[in-house]
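Worksheet for the structure shown next.
Residue numbering begins at 1 within each chain, and the chains themselves are lettered A, B, C and D in the order written.
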Amino acid sequence: MSASLGRRLVAEGLGTAFLLAIVIGSGIMGERLSGGNSAIALLANSIATGCGLSVLILVFGHISGAHFNPAVTLAVASQGEFPWKDVVPYVAVQVLAAYAGVAAAHVMFDEPLFFASTKIRTGPGEWWSEGVATFGLLMVIWACVHQRLAAAPYAIGAYIAAAYWFTASTAFANPAVTLARAASNTFAGIRPHDVPAFIVAQLVGAAAATAVMRWMGRTIGLR
Amino acid sequence: MSASLGRRLVAEGLGTAFLLAIVIGSGIMGERLSGGNSAIALLANSIATGCGLSVLILVFGHISGAHFNPAVTLAVASQGEFPWKDVVPYVAVQVLAAYAGVAAAHVMFDEPLFFASTKIRTGPGEWWSEGVATFGLLMVIWACVHQRLAAAPYAIGAYIAAAYWFTASTAFANPAVTLARAASNTFAGIRPHDVPAFIVAQLVGAAAATAVMRWMGRTIGLR
Amino acid sequence: MSASLGRRLVAEGLGTAFLLAIVIGSGIMGERLSGGNSAIALLANSIATGCGLSVLILVFGHISGAHFNPAVTLAVASQGEFPWKDVVPYVAVQVLAAYAGVAAAHVMFDEPLFFASTKIRTGPGEWWSEGVATFGLLMVIWACVHQRLAAAPYAIGAYIAAAYWFTASTAFANPAVTLARAASNTFAGIRPHDVPAFIVAQLVGAAAATAVMRWMGRTIGLR
Amino acid sequence: MSASLGRRLVAEGLGTAFLLAIVIGSGIMGERLSGGNSAIALLANSIATGCGLSVLILVFGHISGAHFNPAVTLAVASQGEFPWKDVVPYVAVQVLAAYAGVAAAHVMFDEPLFFASTKIRTGPGEWWSEGVATFGLLMVIWACVHQRLAAAPYAIGAYIAAAYWFTASTAFANPAVTLARAASNTFAGIRPHDVPAFIVAQLVGAAAATAVMRWMGRTIGLR
């Protein structure tokens, strides 16, 4: 990462804003067009997010690392792969940009800039889902770091597309995304009251995956 | 680009014509088969366009650059990455070939060669959508240029597949495509009256992305 | 191609048989499950075929060239890229294996080994569709040959997935496939009476694309 | 494979558990949301499995070989490409982890940890389907081994996505997966009584593909 902190923050901001615009916008479009069949809406939502996320990582990975996710920033910092002093600015920009992306999508679809979601997402099944989803995400990311995989953008996008379907929560797996989705009373929203438990589950999943994968990586002499 | 201008124009023409045949043809097929569920039609339309566009860039990228899009031609010329004297022939061929592609699809589906669309696509939400969609497209393209990404064909196709869904306008993001789609009163059409505002929004989005990404690229020593 | 003719024919045979099993089988499954919504059936059919074809080219390309298609075999032989003496055995194996693949799919779904299709696919729109579809297929293949593209398997699979949707005929684009699909009265079938015109259109499209692409390739010094 | 057996077993276990969580979880989600249209549910199920499997192979391939499948472990051991002494631990971990993955998915969706499936999957068509599906899977895997394909993760994921559709059984193609899916009375389940015949068909298919592909590989001087 040879770019200055300012440029890296612009990259994180643009990437996170586009990610949220994709998640929220494709959710609205899917729900409006699918005539009440939520599986078709989620198919559109998951394909758009998977494709979009992989492209955003291709675009910004070489500048900022393309975290777009406080759980990722914390995980890599905890292992000495990212400077601690940059964690606060990264997370701040990720959260602000996530809200900006939500607003950008709302303007496209003639919705209010922000309006709190009423979608209930709570209970042990959902929390376990978020823990597993974020464990899997960090498992993929650490494997990409260890192997310096050129296919990392594809792997992360494809993982998220799958995780939309195999978890009961549709795999938020990202605290900044979770916060911002609470400000959208649309297909991809989450009731603000349900946010804190999601974020706790995400951080626990990320920490567990980091412990397992770093142990596995070190023991076989990987970076 | 070692090919002569004539060969490059044939490549731009074939690629743009196929792109429009794919957009229009898969829209007609999707609408005819989906029994009124527009989400299924748009799923087919977006997957076909994303796959097709990435293949066309693989096929013609090394000959003509595979712009297929006046906004792209103008953007790269504005930064000295493309000769200004070739802009007019490129844009002329892109527009003519776009109409030819529309006609080719219409013949396949037993429709008139050309017939004006009556689909209303207007209002601030749609214009903002086109601006964001084209900003994103150029953001992806400049990142591919800066990094000389081998994955560029994939990135651009996947971006457009996502953009069909996350924008309210289904992401035309291309003035030649917009003009030609006005001549098709089918799923992918746009009322001729609504074309100029779309094109203005596209050019503004392209210019903004070019400014941001070139600044970001220069400051980190990229090409 | 260092493999003996016998091994190359086994590769062509296995690949073509699997291709037909995929086309016919996924068509049956799609139609049975989709409750009368043909767009969903075609979505399954096109995704399965695109994924499957790209894998078969990865598997057998380095042994036999992975033609699986008499139009391809004739096109590459016509340009000195394939020995004329191998054309008849290749085409014979492709046709026989195509029928074997149809039978293999029929056994899976408890259908008769062979039964003539009653699905009408005729008229100028369909013929033009087959011409354009096969033109596009050979356009992609020649571009892959000229550039020695490692992404060729992806390009060809993605092209066919798109062509299912943007052509009115769903892009057979292959005389061996067309013959064998006439022996299946299922989703992907074609009335035997309609086969000859499809094959003529395919050969015309293949010849036209070969002429255009070889001219373009030669003039820019490609192989 | 420089990793110790312990680490390789952890990799096999994590990978197989995630694979089953994906298969079962996306099946439940697809069925719950699709309003009775099984084609839409299977579309979600197949896309999630194809994407997820390819990612898991990218993540764990370099550590354990990413078999996740006793038929694969037996096949590669039979050809001297894997130590016989590691077969029993690999298969044991695969089976146990498969059950763990099923339970993990059940917890997410508030289902019992395990409950026997009542879904009937029997008869010659289904057995032939499993034989063909597993033949194809090993055909792809041996081709990847022979050519040391970097695209192996993509090839195997895309093959399975296609095989969900072109076989009447939806392509279990894996004895550990088959056993564990019998413990889930959900979309992806199989009646325990029907398991043995599936496993026999899978092993026969794997053996046949191994014989054919090793013969073909040896005769052209591949590894």
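Throughout what follows, a contact is a pair of C-beta atoms (placed from the backbone, for glycine too) under 8 Å apart; a residue touches a chain by one contact, two chains touch by 3 or more.
Computed from a prediction, not measured in an experiment: that's the story for all the values here.
Trainee: Indicate the lowest number of steps between subunit B and subunit C, counting one step per move to a touching chain.
Mentor: When the steps are counted carefully, the minimum from subunit B to subunit C is 1.
Trainee: Determine whether subunit C and subunit D, two copies of the same sequence, contact each other through the same residue numbers or different ones, counting it as same when over half of the numbers at the interface appear on both sides.
Mentor: Different: fewer than half of the residue numbers at the subunit C-subunit D interface appear in both copies.
Trainee: Using mean CA coordinates as chain centres, what's the gap between subunit A and subunit C in Å?
Mentor: 40
Trainee: Which whole number of Å gives the spacing of the CA centres of subunit A and subunit B?
Mentor: The separation of the two C-alpha centroids amounts to 28 Å.
Trainee: Enumerate the residues of subunit B that touch no fewer than two other chains.
Mentor: 37, 40, 43, 47
Trainee: Report the complete set of touching chain pairs.
Mentor: Chain pairs that touch: A-B, A-D, B-C, C-D.
Trainee: Within the complex, which stretch of subunit C touches subunit B?
Mentor: Listed in rising order, the residues of subunit C that touch subunit B are 36-40, 42-43, 46-47, 50, 123-126, 128-129, 132, 136, 139-140, 143-144, 147, 149, 151, 155, 158-159, 161-162, 164-169, 212, 216, 219-221.
Trainee: What part of subunit D is in contact with subunit A in the complex they form?
Mentor: Going through subunit D, the ones touching subunit A are 2-4, 7, 10-11, 14, 18, 21-26, 29-30, 33-35, 37, 40-41, 43-45, 47-49, 51-52, 54-55, 58-60, 62-63, 104-105, 107-110, 153, 157.
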